[in-house]
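Let me begin by handing over the structure; questions about it come next.
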Amino acid sequence: MSQSLAPALAIRETRSESRFVTAARRLLHHRAGMCGLTVILVIVICAAFAPWLAPYDPAEIDYDAMIAPPSWLHPLGTDEIGRDILSRVIFGARVSLQIVFVAIVLSLLVGGAIGLASGYVGGRTDNVLMRLMDGLLAFPLLVLALGVIAVLGPDLINAIIALAVVNVPGFARLVRGQVLSVRERDFVQAARATGAGHLRIMVVHVWPSVAGNVIVYASLRASAVLITESSLAFLGLGATPPTPTWGQMLATAMEYWSAWWMSIFPGLAIFFAALAFNFFGDGLRDALDVRIGE
Amino acid sequence: MPDSSGTAFLAVDALRKSFGPVRAVENVAFTLRRGEVMGLVGESGSGKTTVGRLVLRLVEPTSGRVVFDGTDLGALSGRQMRRVRKRMQIVFQDPFSSLNPYQRVGEAIEEPLIVHGLRGERAQRQERVRELLSLVGLRPAHAGRYPHEFSGGQRQRIAIARALASEPDFIVADEAVSALDVSIQAQIINLLRELQQSFQLTMLFISHDLGVVRYLADRTMVLYLGRIVEMGPTEELFAAPRHPYTRALLSAIPDPDPDRRRERIILKGDVPSPIDPPSGCAFRERCPFALAACAVEVPALRAVTPTHSKACIRDDLH
Amino acid sequence: MIRHVARRVVYLLPIAVMTSFLVFSMLLLLPGDPTFALLGETATLQERAALRTKLGFDQAIPVQYARWVGHMATGDFGRSLRTQEPVADMLAARVPVTLELTVLAVLLAVVIGVPGGIIASLKRNGWADLFVSFFAMGGMALPYFWAGILLIRLFALKLDWLPPSGFVPLAQDPVANLKLMILPSVTVGISLVALVMRQTRTSMLEVLSQDYIRTARAKGVSRTRLLVRHALQNALIPVVTVIGLQMGTLVSGAVVTETIFSLPGLGRMVVEGIFTRDLAPVQAAILVIVIGVILVNLLTDLSYAALDRRIKL
C-alpha cells in the first residue's frame, strides 16, 4: 500500500496546474457551458469549412426551384431567387462569426487600453475618459450603433466599427475597475519593491488578475453583439446583399410571408448561436470563478 | 554584531509625509549602521508602515532625505532607483496578499533575479530558487506550486525567500509576523533572526508587538502620531523607558514575573486624529504627567544619554 | 426625498451633458462640410453661409455646442433635408408612437412577468417553475426581429386574430390603435417579461426564506395576506431595478420592431434618416431617445427609493 502511494506523492510535488487548466477541467463538467461550447464549435466548423459543407454555392440560383419548400434537393428550401437556404445559413455563420469576433477583439483592445490608461495613470486622464465612457454607456446599444453608422455611412466595415464602439465603454469600465483594485494590492507593491518596471508590473502582476474577468465579459457580450449585428443586417445596414447574413435573410423573408422556411431557419440560427454564447459565457464564468455580469 | 565603525549605512533625515490634510509622518530622523536591527514600534495609525515605505521610496516623501549607503535615494531617477532596489527589500505583513496569486512560487522567487539580470541562465536561476527555498525551510520541489496551496507561515517563508533572492543588505520587515498564528510567529521570528545574523542584514523591523521587537532589535524607536518619541538601545529602552508613552506601552505587556510587575499606566482617551493633532506635544492629552508647558511647543527629540533620546520636556520623571 | 432627487439629478446632469455633446459631435465627425449634410447639395452659397452663422461653425467647439443645445432646447431642430418638414413636427408625430410601444411593453412585463414569477416561486421546481426558467433563458437570446416575424406568422397570418402591420394614431381610433399595437408591444416586451419573471422568482424565493416571513407564518398570518403584504412588496424592488436597467435594451428593441410593423416611431426615423443621408432628424431622434432613457433611469431610481422607504416604515 505505502509502496504504491509513493510514486503518487512524488508526482504531487511537481508543478501544480495553472488556473486555466483547472478552469478548462471545470468547464468540461459544466453541462450548460459544454452545450454552449458544442454549438459554438459546430458553428465555427460551419464557418471554417463552409465551401465544403454547404451543398450549393450561396449565390447559385436554381431556376427550377424558386421559393421552394424544404426537399431532398434543398433541405431548408430556397429563397425568392432560388438560392439554397441551407447553404446561405452555413455561409451566413461565416459572416456573423467574423463580425462578432473582430468587433469584440477591437472593443477589447481599445476598451482595455482606455481602462488600463485610466486606472493606472488616474487623475485627469481618468476623469475625462470615464466621463466619456459614461456618456457612451447611456445610449441604448443599437441606437449608438445607428449613430455611428449615421456618421460613417452604411456599409460592412462601418457596421463592425459601430459594433466595436458600442462595446468599448463596457470593457474600459471593467478593466479600469479591476486595475484600480489590483494596483493597490500588496503583491503589486512587492513587485515595485523588487525593482520591476511598469511594463512588467502591468503584464505579470496586474493583467493576470484582470484577464479572467475580461475573458468572461467578452464571452458574455458575444450574444449581445451577435444580436445587434443581425439587427443591423436586418435593417439593411450590415453586409451588402450578395453576401449572405442571417439578419438580412430574415429581412427578405418579410416580403415572402408564404415561405415559412425563409424566416424560420435563419432565425433559428441566430437564436441558437446567441443561446450558445450565453451558455458558454455562464460556463466560463463559473469555471474561472469570476463574479461579473448577472 | 553591528559594525561599530560608526558610519551610517542608512541615514534618514527630517522625513515628512502628508496625505492631503493627514500628516502621517512628521520629522522622522534616524541612522542605522550596517548589520544593525532597528525596531520600530507604535500603535496602528502611528505611521510606522509609512515610515517603512518612505525609507524604500515606495511612497514619495513630502520632504526629507533618505541616504542609503552614501546614495541620496530622492535624487535617483526611476530607473536608477529600480537598480538600487536589488539591495533593499521588504517583507509585508500579510502573506496572503503580498504574493501574486497567479504566479508560481518559483516564479515569484525568481522574479528579482530576472529583474536585476542576476544569474543569467535559467538553469542557474532555478538552482538559486531551490537554494532559497531550502534556506527558508521549504522543499525545493514546491517551486511549481501556487501560493494558495501553502499555509500562512509557509507563505511568509516564501515572501522572505523572495526578499532574499537578490542578496540585499537591507530589509524592511513590516509587521512580518503579526498576521500569523502565535505558534508560527516564533518560527518566522527565529528564521528572520538566523538569516539576519548569517547574512549580516541591516533591518528595520516594524511591529506593534513589543515582545518580538525586544527579541530581535538592537535598538528600538517608538512612534506616536508620526513622530519619534523615544529611541535607544533595546535593552535600555525596555528596562528604563524615558517617555511616558513608552512606559504606558510597556506597562500593558503582561510580565510573567509577579515581583517585577510594573504599575499599569492606563491611557486616557483615544489616539487623536492626525488631521488635527493637539498643539505642542501630541501625546499630552493622554499623558498622566502633562504640564501646561506641554501645550506650548512640540518637544524635540533630544539625547538623555549618548545613545538614548526622548521627546519629552519632563526630565523629573525617572 | 427632495435631497435624494437633487442628488440623483446632480449625478445624471454630467451624463446628460456628455451624451448630448456626443450627439452634437456627430456634426463634427462627419466628413466634409456639415452644411451639405444639413442643407443638401442644392442649397445656395447664401443659405450655407446663413446656416454657418446660425450654428456658429466659425466659432470654438464649446460655443458651437452651447448654441446647438440652445436651439434644441427651444425646439428648433432644423428641417428634414428630404421632406423639408420641420424636425420638431416629425418628433411630435413620432415620440408618442415609441413612447406607447415601450410603455405597453413595460406594462406587459409587469402584468405577466410578476405573477408568473410569483407562481414559479411558490412551487419551486414544479412545471411552472421549469417553464419560467426555460422561457427566461430563451427570452434573452430571442432576437426582436425574429420574435416579431414569428408573432406575425402566427397571430396575423395563420390565426388572423390581429392585423400584421400598420398604424393608426391613438387619439384618432383607440381601439384600432391598440389592436395594431398588441403584436409590436409583445415583440418588444417578450424578453423583458422573461427577465422580470426570473427576477421576481429569485427575489420572492429569497424573501420567502427569510426569518420574518417564517415568523409571520408561524403566527398564523394567512398565506395570501402574507404574499401581498410582506413578500411581494420586498420582491418588487429588484424588479423595478431590472426594468430600469433594461430600458436601453427595450428601446433598441423598439427601433427594430418599428421597422417590422411599419410603425412611424423614433427608431424608424433614425433608420430612414441614415438611408436618405438626412442627418438632422437622425440627430434629433437619437437625442430624444437618449434623454428619454436617462429620464427613465432617474424615475426608476426615485421609485426604487419610494418603495424602499415605504418598507422601512
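Per-chain residue numbering starts at 1, and chain names A, B and C are given in the order in which the chains are listed.
Here is the rule we go by: a contact is a pair of C-beta atoms (placed from the backbone, for glycine too) under 8 Å apart; a residue touches a chain by one contact, two chains touch by 3 or more.
All values reported here derive from a predicted model rather than from experimental measurement.
K.L.:
Which chains sit in contact with both members of the pair chain A and chain B?
P.N.:
Common neighbours, chain A/chain B: none found.
K.L.:
If you tally contacts for every chain pair, which pair is highest?
P.N.:
The chain pair sharing the largest number of C-beta contacts is A-C.
K.L.:
Farthest chain from chain C, comparing Cα centres?
P.N.:
Relative to chain C, the chain with the farthest C-alpha centre is B.
K.L.:
Determine the centre-to-centre distance between chain A and chain B, using the mean Cα coordinates as centres, and give it in whole Å.
P.N.:
Centres of chain A and chain B (C-alpha means) sit 50 Å apart.
K.L.:
Averaging only over C-alpha atoms, locate the centres of chain A and chain C and give their separation in whole Å.
P.N.:
25
K.L.:
Using mean CA coordinates as chain centres, what's the chain B-chain C distance in Å?
P.N.:
Between these chains, centre-to-centre, one finds 59 Å.
K.L.:
Could you pull out which chain B residues touch chain A in their complex?
P.N.:
Touch list, chain B to chain A: 53, 56, 58, 82-86, 88-90, 92, 94, 97-104, 111-112, 115-116, 139, 141-142, 144-146, 149, 159, 162, 166.
K.L.:
Which chain C residues qualify as touching chain A in the complex?
P.N.:
14-15, 18-19, 21-23, 26, 29-30, 137-138, 140-146, 149-150, 152-153, 157, 247-252, 255-256, 259-260, 267, 270-271, 273-275, 279, 282-283, 286, 289-290, 293-294
K.L.:
Please give the residue numbers of chain A that touch chain B in the complex, ascending.
P.N.:
Its residues touching chain B are 13-16, 19, 185-187, 189-197, 200, 204-205, 208-209.
K.L.:
Could you list, by residue number, the parts of chain A that touch chain C in their complex?
P.N.:
Touching chain C from chain A are residues 131-132, 134-136, 138-143, 146-147, 149-151, 154, 223, 227-228, 230-231, 234-237, 247, 250-251, 253-254, 257, 260, 263, 267, 270-272, 274-275, 278.
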